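Going in written order, the chains are labelled A, B, C, D, E and F, and every chain counts its residues from 1.
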Amino acid sequence: MKKILVINPVADSRWNKTDGDYLKKIAREGMVVEVVNIKKGPKTIESFYDGAFAIPGILKIVREIKNQYDGIMINCFADPGLKSAREVCDIPVVGPGESAIILASMLGFNFSIISVKKNVIPMFEMKAASLGLSKRLSSVEYIDMPVSELEDNFNKTEKAIIEAINKTIKQNNTEVAVLGCTGMLSLHSGLVKRVSIPVVEPAATALKALEILIDLRISHSKTGLYMTPDVGKIIGY
Amino acid sequence: MKKILVINPVADSRWNKTDGDYLKKIAREGMVVEVVNIKKGPKTIESFYDGAFAIPGILKIVREIKNQYDGIMINCFADPGLKSAREVCDIPVVGPGESAIILASMLGFNFSIISVKKNVIPMFEMKAASLGLSKRLSSVEYIDMPVSELEDNFNKTEKAIIEAINKTIKQNNTEVAVLGCTGMLSLHSGLVKRVSIPVVEPAATALKALEILIDLRISHSKTGLYMTPDVGKIIGY
Amino acid sequence: MKKILVINPVADSRWNKTDGDYLKKIAREGMVVEVVNIKKGPKTIESFYDGAFAIPGILKIVREIKNQYDGIMINCFADPGLKSAREVCDIPVVGPGESAIILASMLGFNFSIISVKKNVIPMFEMKAASLGLSKRLSSVEYIDMPVSELEDNFNKTEKAIIEAINKTIKQNNTEVAVLGCTGMLSLHSGLVKRVSIPVVEPAATALKALEILIDLRISHSKTGLYMTPDVGKIIGY
Amino acid sequence: MKKILVINPVADSRWNKTDGDYLKKIAREGMVVEVVNIKKGPKTIESFYDGAFAIPGILKIVREIKNQYDGIMINCFADPGLKSAREVCDIPVVGPGESAIILASMLGFNFSIISVKKNVIPMFEMKAASLGLSKRLSSVEYIDMPVSELEDNFNKTEKAIIEAINKTIKQNNTEVAVLGCTGMLSLHSGLVKRVSIPVVEPAATALKALEILIDLRISHSKTGLYMTPDVGKIIGY
Amino acid sequence: MKKILVINPVADSRWNKTDGDYLKKIAREGMVVEVVNIKKGPKTIESFYDGAFAIPGILKIVREIKNQYDGIMINCFADPGLKSAREVCDIPVVGPGESAIILASMLGFNFSIISVKKNVIPMFEMKAASLGLSKRLSSVEYIDMPVSELEDNFNKTEKAIIEAINKTIKQNNTEVAVLGCTGMLSLHSGLVKRVSIPVVEPAATALKALEILIDLRISHSKTGLYMTPDVGKIIGY
Amino acid sequence: MKKILVINPVADSRWNKTDGDYLKKIAREGMVVEVVNIKKGPKTIESFYDGAFAIPGILKIVREIKNQYDGIMINCFADPGLKSAREVCDIPVVGPGESAIILASMLGFNFSIISVKKNVIPMFEMKAASLGLSKRLSSVEYIDMPVSELEDNFNKTEKAIIEAINKTIKQNNTEVAVLGCTGMLSLHSGLVKRVSIPVVEPAATALKALEILIDLRISHSKTGLYMTPDVGKIIGY
């Protein structure tokens, strides 16, 4: 029996149940999945600013529970706090953005990320570049809808995503689509039937990446990038 | 119940049993693993030349069995035939080289590949470059021992690998080691206890990567790089 | 008369006075420089973890005072919160890391960054890469001394920095040195006399970069990467 | 008197005569050119799969004749077996794809490759990337016609190629065109009169590249990438 | 009191007065700016050919006056002679092209350069690449007007530049515009009011970059790229 | 009968005879080779400064004779004036630096350039980068001897070059050596017998590259990078 903690890095508990149900179905047998959210921070993450206020809450949880779980998943495509979380624990920590982009790179020559507002374009171009995959990213598309409205009208959201995917297939010969927001997870099963290329859902991908790490009993190196910091220097948190 | 076929791309059945035992232990519950080898081809793969004679045999198997399995693993770090195998089937196909290098990139800033003879240096530098990970590859080390001798004297081989890992830790601040030959798999459990950085074993990693793909019901795109070829044009095979 | 706010992103006021004195001497005539520190956060910034706890305090200050100043400097080589600060204001915001690395690229073919602990190697390799300057960074050197001890024994610190510079000159033909910590600023005037290559001090460089932006009346674009976020979504801060 | 062997890597002798006539006209005085084809393998090469079945036949010829010739040309833009052929011989081996792309890079800022079916886009993007010339490749265009039909209607094929060249000139300011299939060689002399930019014909270019190597008495290094393999390990071929 | 020499690298004195007036307004207090032009060379610089004939005149001035000034600015976006000028003097030398491109990289994710004739596209793509900023350059636009006509009809020129900026905003989500010719400087103040993104004027930017270097008392390294050459070997100049 | 003009870009005729004799031996039958030098300019080219004074003389010759020859070779590894010469003529123009580096990239995974003084390191690193071959350049070595002394003591020079080659073989697993100065051409035939890797001589390579272009009747594109400039704007030359 292994235990995974999924941290929803938003100060809102409303997705805990649905995300938990979704991820539990995807988890391998014997893998216990729990979902928590942070107490202080943004309601959704759509900017560096939002991310900045999410990270202290994430790290607080990571420090408190790291001995009770076998792995941690930070449930947001922007991967807020991924590096600092790895610094403060030895158990594997994964993020949907990194996991999904890497998986997509194995499925075809190029991929496109479909996300919410216009600022995602530079944001995810930079994320792909930091993973060495700039040349494989054919485009970042945005549906011009904030995260909070994704679930207001499923049909409208699905239609917008399908249009974005078809646009990049036509313009860029895109071979793989990556949903660039974990808030789109409930749309995934419908989408795969309506487009002609594979569609990567990042939350599920991150969960599976974490299972691999746990099952292979391997975690991030602690000798360089993720060296354990002196955590006793923080005042006021 | 899902079924994976592991293809040992060598004309030698002697590793089928041990590889099968090793991989079955690593496979998740409900995943059936079978190992076969090719009938014609090289005894081991240590050059582009060896790889070239392995690929027709691999593709022959892939074409014959692709409807009977849920995924295929080509069991050699050089990933011979990975692209052409993906062309001729719809089910996921993975290779230990690609899988292990990508996993290593998630575990630290840089990684070193430890392999057999000197020609692996340019060979794996090129492999990392093709994955966009040149800057993350701190070095390729070789122990100057052919694949066929890896198991002659376990202590000697283990010692050589540990020396190579410690050398690159010292010279390049390497944070993660990748075993650059699936023939080193039996040494992995011993190695992890004797070095200070994580050690990625590629065969196990590839198996787990394949499980992810199967469990996520996703496979490579068929609209571009891996477009299905006309297979009726081959004469004499 | 123009006004610059320097934010020391540490929960410690002890550097405010010396940093202020140093920067006021460097500022052009007519440029008023004020230094403040954050109230909650790390005592020093030496990890992603430290940075994570510094950013909310930085952003709080930026939001409160952005109409009272002509430019903002975040006084730490790691440039914590640089991107999110630019999101929430229209006035120019600079960081010593970005400014110093870019300046160094204009002074020679390659440069080395000299900083504190071993984890700076991947951290600053990644920073240079994100600025497109990987090939120009000849090495990151560390003197293995925490920020808090830099001023304990000036001679010892200076000696360690000089040794690091001379090492990279010899090994890498390094043409320019960049001090990789704003806590080294008081050592700069002594260092320049003792080494054979130019030495970039990042705090002074950032101040000058900010003066340029203010004097050219130009600031970051608000149409993409630094688009203004919805700041009303943060709970509990 | 020097001798070049041109290997048509297809199991079809029908191009031997015309290719031989074409190349003999281009060869310098004193250079004897012979063309052979492989006995087993694909009829044309349009996928990785096709290439895989061509390579053993190529290598068989290379091994048998390498002492009787001064240089070898593998006559297909995909350069099948180029690396492995270099491993098993000391005399120079060239391929039209590598030769033509490199030549194009000397003739202008950017170039476009015009080839047959859609899957050539990722295939040749990857080839350019492996040569370090990604930024110079302005596009890969395809005329959506299989190799076997290129000669069915010369006017139609020529028209399609001219349209592709003019499209990339207009869209990408392309300065140089590269014919991305040696099956287009008979069209070259007509094309150069009908488009406004230089057109590189890869078979002729490869022949000339090979002449250079022979005349300079230089060949590939045998100390690394192309180290001679143990060829005694192949079973069943 | 510090003195800057601005070298107009054209054999025409007609811009000296207006450039001087413009730059003096931008210079910080206490910075004396003088403008001279070369005696022999091109009337304007619009090709590598033009640049080649400008450089000897630039270097002649640099050698003669280098002890009388604190810094030198070569006033042309193409930065002719920047490297060789740095070789023959110890005082800082800047160019508008390098300075403006680097500044633009700090103001947004991507930038576009707006310049004169079609050949600027590859020319400035190569300049951005040499600065490591290829990925940040979203496009090079040209208004198809030679330098000599830029001031013939200000409204027409301004209109053409605005159209080019709006085109790249729409097509490439460009966040920052860089004027790719110092001959456009008089148009800058009007342009900034008429477009929605920041516009970098390179001559002013270079002047400010030079002030930074002078005020920080730092100059280019003389130990590598800009090592002082033996200047006694030139015959006939 | 085809005619090649070799331009020695130095104001010294002493190498014309020996270079001519050397190149005539290498030229294919029917290729007439003439060597001239520039009248004004540097005695040797060892810096950007030297190059700057060589280029006007080169361009003067190119413009005067371009209708009388079939191709032009600028005989210096630094390739001075290569781009501007291509602008002002339609016949092919080659340089030894570009030609030799490209050839070396076809002969092995990596190559090292062996040249004269320390400043060649950044100079040729930048040249390789501009050709997209940074990753293939394993090192630049210098023998610390000015061009003018290369022929003073052949044994000493040869010994220094061999030591440099052996050093980079050992340290960097270098597979190919490139002589980084055309002044080393007389040493080439001796060197190839004394080192274990192929040695590329750039003058011979450039001549052969030019022969290819002439024989293929192809030259650089005139629609972009090498667009013909208005040559009537130069005053005083």
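We adopt the following convention: a contact is a pair of C-beta atoms (placed from the backbone, for glycine too) under 8 Å apart; a residue touches a chain by one contact, two chains touch by 3 or more.
In this text, all values refer to a predicted model and were calculated from it rather than measured experimentally.
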| item | value |
| --- | --- |
| Most remote chain, CA-based centroid, reference being subunit C | D |
| Interface composition of copies subunit B and subunit C: same or different, split at half | different |
| Chain located farthest away, centre of subunit B as origin (C-alpha) | E |
| Computed distance of Cα centres, subunit E from subunit B, in Å | 52 |
| Whole-Å separation of chain centres (CA-atom averages), subunit A against subunit B | 27 |
| Distance from subunit F to subunit C - Cα centre to Cα centre, in angstrom | 43 |
| Junction residues of subunit B - those touching two or more other chains | 108-110, 118, 121-122, 126, 129, 134-135, 173, 175, 224-225 |
| Touching pairs among all chains present in the structure | A-B, A-C, A-D, A-E, B-C, B-D, B-F, C-E, C-F, D-E, D-F, E-F |
| Subunit C-facing residues of subunit F, complex | 118, 121-122, 125-126, 129, 134 |
| In the complex, subunit C residues that touch subunit A | 11-12, 39-44, 46-53, 55-56, 59, 81, 83-84, 87-88, 117-119, 121-123, 126, 129-130, 146, 224-225, 227, 229-231, 233-237 |
| Complex contact set, residues of subunit B against subunit C | 108-110, 135, 173, 175 |
| Sites on subunit E touched by subunit C in the complex | 26, 28-30, 94, 98, 102-103, 105-110, 131-136, 169, 173, 175-176, 196-198, 200-201, 204-205, 208-209, 211-212, 215-216, 218-221, 223-226 |
